[in-house]
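Next come two complexes built around subunit A: one with subunit B, the other with subunit C.
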Partner chain A sequence: MSEIESVGAHRRNFLKSLALGSAAVGAASAGLFTDVATGTIGVPAARAAGNIKMAFIQWQPHTVSSAWSKGIEEVLKTQQTVDYRLLDGQNKVEVQVSLMDTLINEGAAVIFLQPIDSVALAPSIAKAKRAGIAVLTLNIDATEPHAAHVEMNHYFGAMDIAKALGDKLGGKGEVAILNAPPGIIIRDQRTNGFVDGLKKHHPGIKIVADQSADWSRKKAQDVATTLLAANPNLGGFYGVNDSMALGAVDVAKTKGLIGKLVIFGNDGEKDALESIEKGELTGTQYTDVYQQGRFAAAAATVLASGLVPATAFKQQGKLLMPYTIATKETVASIQPAQRW
Partner chain B sequence: MNASIQAFGRRLAPQALPLAILVIVAAFALSEPAFLTPGNLVGIVRQVAITGIMAIAMTFVIMTGGIDLSVGPVLALSGVVTWFSLDAGVPLPLALGVGLALGIAIGMVNGVIVAFAGLPPIIVTLAMLSVVRGSALILGGPDLHSIRGQEAYSFIGSGSVFGIPVSVLIFAAVAIAMVFVQRATPLGLRVAAIGENERAATLSGHRTRLTKLSLYAISGLGAAIAGIVQSSQVHTASATYGEFGTELDVIAAVVLGGTSLMGGNGSIARTVMGVMFLGVMNNGMNILNVPLDIQLIAKGAIIVLSLALGELKS
Partner chain C sequence: MTARSATLALLAFFVATLAFFWFAAPRFATAGNIENLMSGFSFVAILAIGQAFPILLRGIDLSIGAIVALAGMVAFDLVLILHWPGWLVIPAAILAATLAGALNGVLIVRLRLQPFIATLATLAAYRGLVYSISGRQLVPGLSTTPIRDPWITGLESYLDIAGTLGLSDLITLPWVPLSFFVMLAVLAGFQFMLGSTRFGRDLYTVGGNVEAARLAGIAVGRVTIVAYALSGFCAGVAALLLVARLTTATEALGTGMEMSAIAAAVIGGVSLSGGIGSLYGPVIGAFLLGTILIGLTLLGISQFVQQILTGGILLAAVAYDRVLFLRRQRRLTANLGEEA
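Up next, the complex of A and B:
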């Protein structure tokens, strides 16, 4: 490449990144005065002209999505030919839609998406598909078929939780569910899996309460306290996420019920695993979310480098993540670098 | 006859909220005896303590016709900052001081812009909500930061004195202090004066701007106290706490207590009652294991019904 060409390429890329930047600002200002910071992090924006672009549009800043992004970035960086960035949906459908538009206009090769709303993002996914862009969804599927969906094994994992919880209770007794409010499919999969799992493996166990604690540890403390007052014979809790299960652990601690109450969570976050090691939380379903990001990135890289356009798919691909039911006996097998 | 019923109604109307609380307490107690156990009653107060502290601190702001939408992120930021301080080995009193001072400082910025630049509080504090959330995320990232080995700090949220949780005692202390401020200090009088007629208050020589500034500082302080209590209760600090909707719960409690969003009317004691009303309702619905969809409908209906009773006087 001659000196002049290279300067030209530099200028083009500078202009390109300027346009990118202002597009991002535009998208951000669409959600001005919103509750969540905007920002892009990731592999620095385009330098070499030949690089392909990939981006992940997350729901909002969260431990899980940031671990996905880390896993994705690990794989994509190694390829040396991919520019990757993380974009924030600010917990707003319209922001995600406008970020999708931006990426489509930029000519991204792959979009990783954690849709806030399975239905509302469908038109954007269809638009991306027409442009040949492969869309991979993480954890939350969309109604419009796309390249692939990579999700935690919510339903079958929850069935296994029900089995493990029932085993610890000796196959009988009363349990309560610390649930999330309806609205996302994960909540239903994790609840239905648990209910069906109990029916299948431990029909002698009765679910005496099913109350929402809004995914929150604080709310779970409140709800668990109340449920224990109403159901003095309660033998266990199932929290559909770890934060809520840890809320029940907090209550068990203050009431001296550690060891008596069987408490299971779902997710497998760092604090939950630590609590299991201390003998407080009974167990949880652990998924390696870094690995989930890596799997998604691996699929994306194969598609992009093989020049497989989104229109080539006969139907949507699907990958369920492997998982471990972490209990005191199995938790040591989860390495520090796998914890999130 | 008719006139005497009306007179009776007029006398009863101001007591609509306490009466409504009594009625729902009786209803819950009859359907589930466990509702009235001391453990559950203390549990109710513990459950509302965080929202309650913020609602008490925001009552004055709302009484002047203002509003503070930034409390959720301030709660998060004060938790995160206190966590970082403790993590860095700063002694507990100083770490708490840093968290609280930050809340006051953010409140003062709100107050300066509202009182001296004359911008609408709803816009100013909405912008502040965004700015503070962003700052908290820069500082803490999206992660949950576990608070470990800080026995004294954990005591704030999880400890109890003579069987009463410390968070309940803090809530009570804040309530008593603010009732005192409202009833027995010049600040309480000035708040009422500004709410009734700000121009008249200014013309009477009151320093209305300084007063307003200090009210926003109090609201920020309340959010910071709530943030410290919450992070200590859940043994975790996170920039994402105090999620969107927190401020609405707080405002709902204040308004339910009879404070007018237009300013003027209002009382700290009644805000406490508004908070308790919401707490009793949530707890009762949980204890009866009412499904969430029905809960939402029932809560909305009960709130409107009890507010309507309060409006009977007109």
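Up next, the complex of A and C:
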């Protein structure tokens, strides 16, 4: 079958049964690529023709998402049967939606997605599901149920941060939260976990301020300075991500408050771990994000090689990542290869 | 080269690009892909049509991305907080966008601001306004509530032309998204206005030579305000199509869209030196950009390269526009010389 004819086959089959379509395409291309065989026993005919496709649509280039991608790639490469690529959502929902459409049209087997918005990507996820494509979300869940969601343990991790922070403060005092702007689920999870954790473990500690510093170190420096001026008895900061906590560390350094202020972050990026080793940042919740990528890829591989369609799920799968509360005492246990 | 032959040249280039990807990119030539192109870029085409009006006046509208967000958020609030019916929300959101555009015009005319400065200022102001009226932040829980109003979600529907005509056994045509028809309606209406009404003639005259227009008794100020209002109107229509596609509005919606719209308009032959161009060009320009983005993604080419290439095409278009401008000037001087 020539290329044009096979293209014609694609067109004719598109709006009919997708299953029928992919079978026809599979058969067509099976004739084209004679069995260079994968060596696996029982590989379905449609699969023997070529590699299956998987892609990860990230929010925008960032240390976390590139570490996920590295972990995903490590696992998928080993399978020898998967073509994987990383696509950039450019921090725009409409770009992510357009990329989802493209991947659905391409017949991807699995899409890894870090949705910019939980609702905005829901129609695309539903569309992928109708096409039998398994969607796995990373960190930010979507309102449309999908194959699986693999997340850093936002809520329970933040509870443990509250406990560790309270222990360092001796169970009493005032703290402030350097928060993310509202409108995103992980902000609420990381804040609520912290608030509930304090209630549970250290009811004597009071949250005197909760202000947005836009995820940014620079902005957090300004906010922390203002908060310190307004609350002279402030004993500690909780930064909803490490960048903001490090912003508070910068302020503590210039004011000579290192060792006096208890400052916790969240994420566990390399800079934060180094700061803990230097005795500046008190602690953070560390997640091995390479591992998070590997876990997601492992789940995806099992689904794809087991030919489990997206529609087979009774409800959305969920996987919470293990984590460590990294402090001066525990940080050495995090190996160099696990740092991101 | 006349405006019409420039549009034809652009059309030829567009067809050549389509043909290239048709054969080179896997799964480009599928009904599904053409659907994706139409649904993913019709709103960009509408924004480009709107952008053509200020550019025809030798101006620019940088605020359309923020106006998209504003209209989107107005629709979001009216549906989810005030529970207005969709048939009322649609005109209200478009009205808000049109007023925002008109305000741009008023600032430019009454305060004699450079369009670049005026719309840069409103870009920031409108975006701030979006954050302050954001129902996602005012009412907890709304950030994960999709818009289900049938009038709005109905904008994201598809027409099975082949099926309607009873041709589906013979040929697979893409299902045409409603947004594409909306774009065609906007194009037809405004192109008629530009080509066949007093306002259209005045607009070209003002864009070609403000002083001459003023001496000819044209109300330059009113033409300018209307042109920017039309740009806002188009942003409002595009916003509704986006909200329908995403089932929500976000505060960051439309960020950077002014760049795509300006690029599409300029590639479409609307001269940055004013007074020259039609609305067909911007539409073709928008779909040309879309074709290139989707085609390159299907070819597996990195998105960073795609952005560089888009920039390159824009540069080429601007350079070409400049060459035409200089040639016109030379001809004009030569003619004047002959007369003298």
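Note that the second predicted complex is superposed on the first by the 291 of 340 C-alpha atoms of A that agree within 3 Å, B and C clash if a C-alpha of one lies under 4 Å from a C-alpha of the other, contacts with A are read in each partner's own complex, and residues count from 1 in each chain.
We adopt the following convention: a contact is a pair of C-beta atoms (placed from the backbone, for glycine too) under 8 Å apart; a residue touches a chain by one contact, two chains touch by 3 or more.
Because the structure is predicted, anything quoted here is derived from the model rather than measured.
With both structures placed on the common chain, the touch criterion links A:Lys278 to neither subunit B nor subunit C.
In the superposed model, A:Lys206 makes contact with neither subunit B nor subunit C. Applying the stated contact rule after C-alpha superposition, one finds that A:Lys218 touches subunit B and leaves subunit C untouched. Contacts of A:Asn91 after superposition: both subunit B and subunit C are touched. Once chain A of one complex is fitted onto chain A of the other, the partner contacts of A:Lys172 are absent, as it touches neither subunit B nor subunit C.
Shared-chain residue A:Leu227: touches subunit B; no touch with subunit C. Residue contacts after overlaying the shared chain place A:Lys260 against neither subunit B nor subunit C. When the two structures are aligned on the shared chain, A:His62 is found in touch with subunit B, with no touch to subunit C. Of the two partner chains placed by superposition, A:Arg130 touches none, neither subunit B nor subunit C. Within subunit A, the residues touching subunit B in one complex and subunit C in the other are 91, 182. Against subunit A, in their complex, subunit C makes its touches with residues 23, 26-27, 29-33, 36, 39-40, 43, 134, 136-137, 143-146, 156, 160, 168, 171-172, 175, 242, 245-248, 250-253, 255-256, 293-294, 297-298, 300, 303-304. Taken in their complex, subunit A has these residues touching subunit B: 32-39, 60-63, 65-66, 91, 179, 181-182, 208-212, 217-218, 221-223, 225-227, 229-230, 232, 243, 246-247, 250, 253-254, 269-271, 274.
Across the interface of their complex, subunit A is touched by residues 32, 34-35, 37, 39-40, 43, 46-47, 50, 72-73, 126-127, 129-130, 133-134, 137-138, 141-144, 146, 158, 160, 230, 233-236, 239-240, 243-244, 282-283, 286-289, 291-293 of subunit B.
If you check the complex, the residues on subunit A that touch subunit C are 3-4, 7, 10-15, 85, 87-88, 90-94, 97-99, 101-102, 104-107, 116-123, 143, 182-185.
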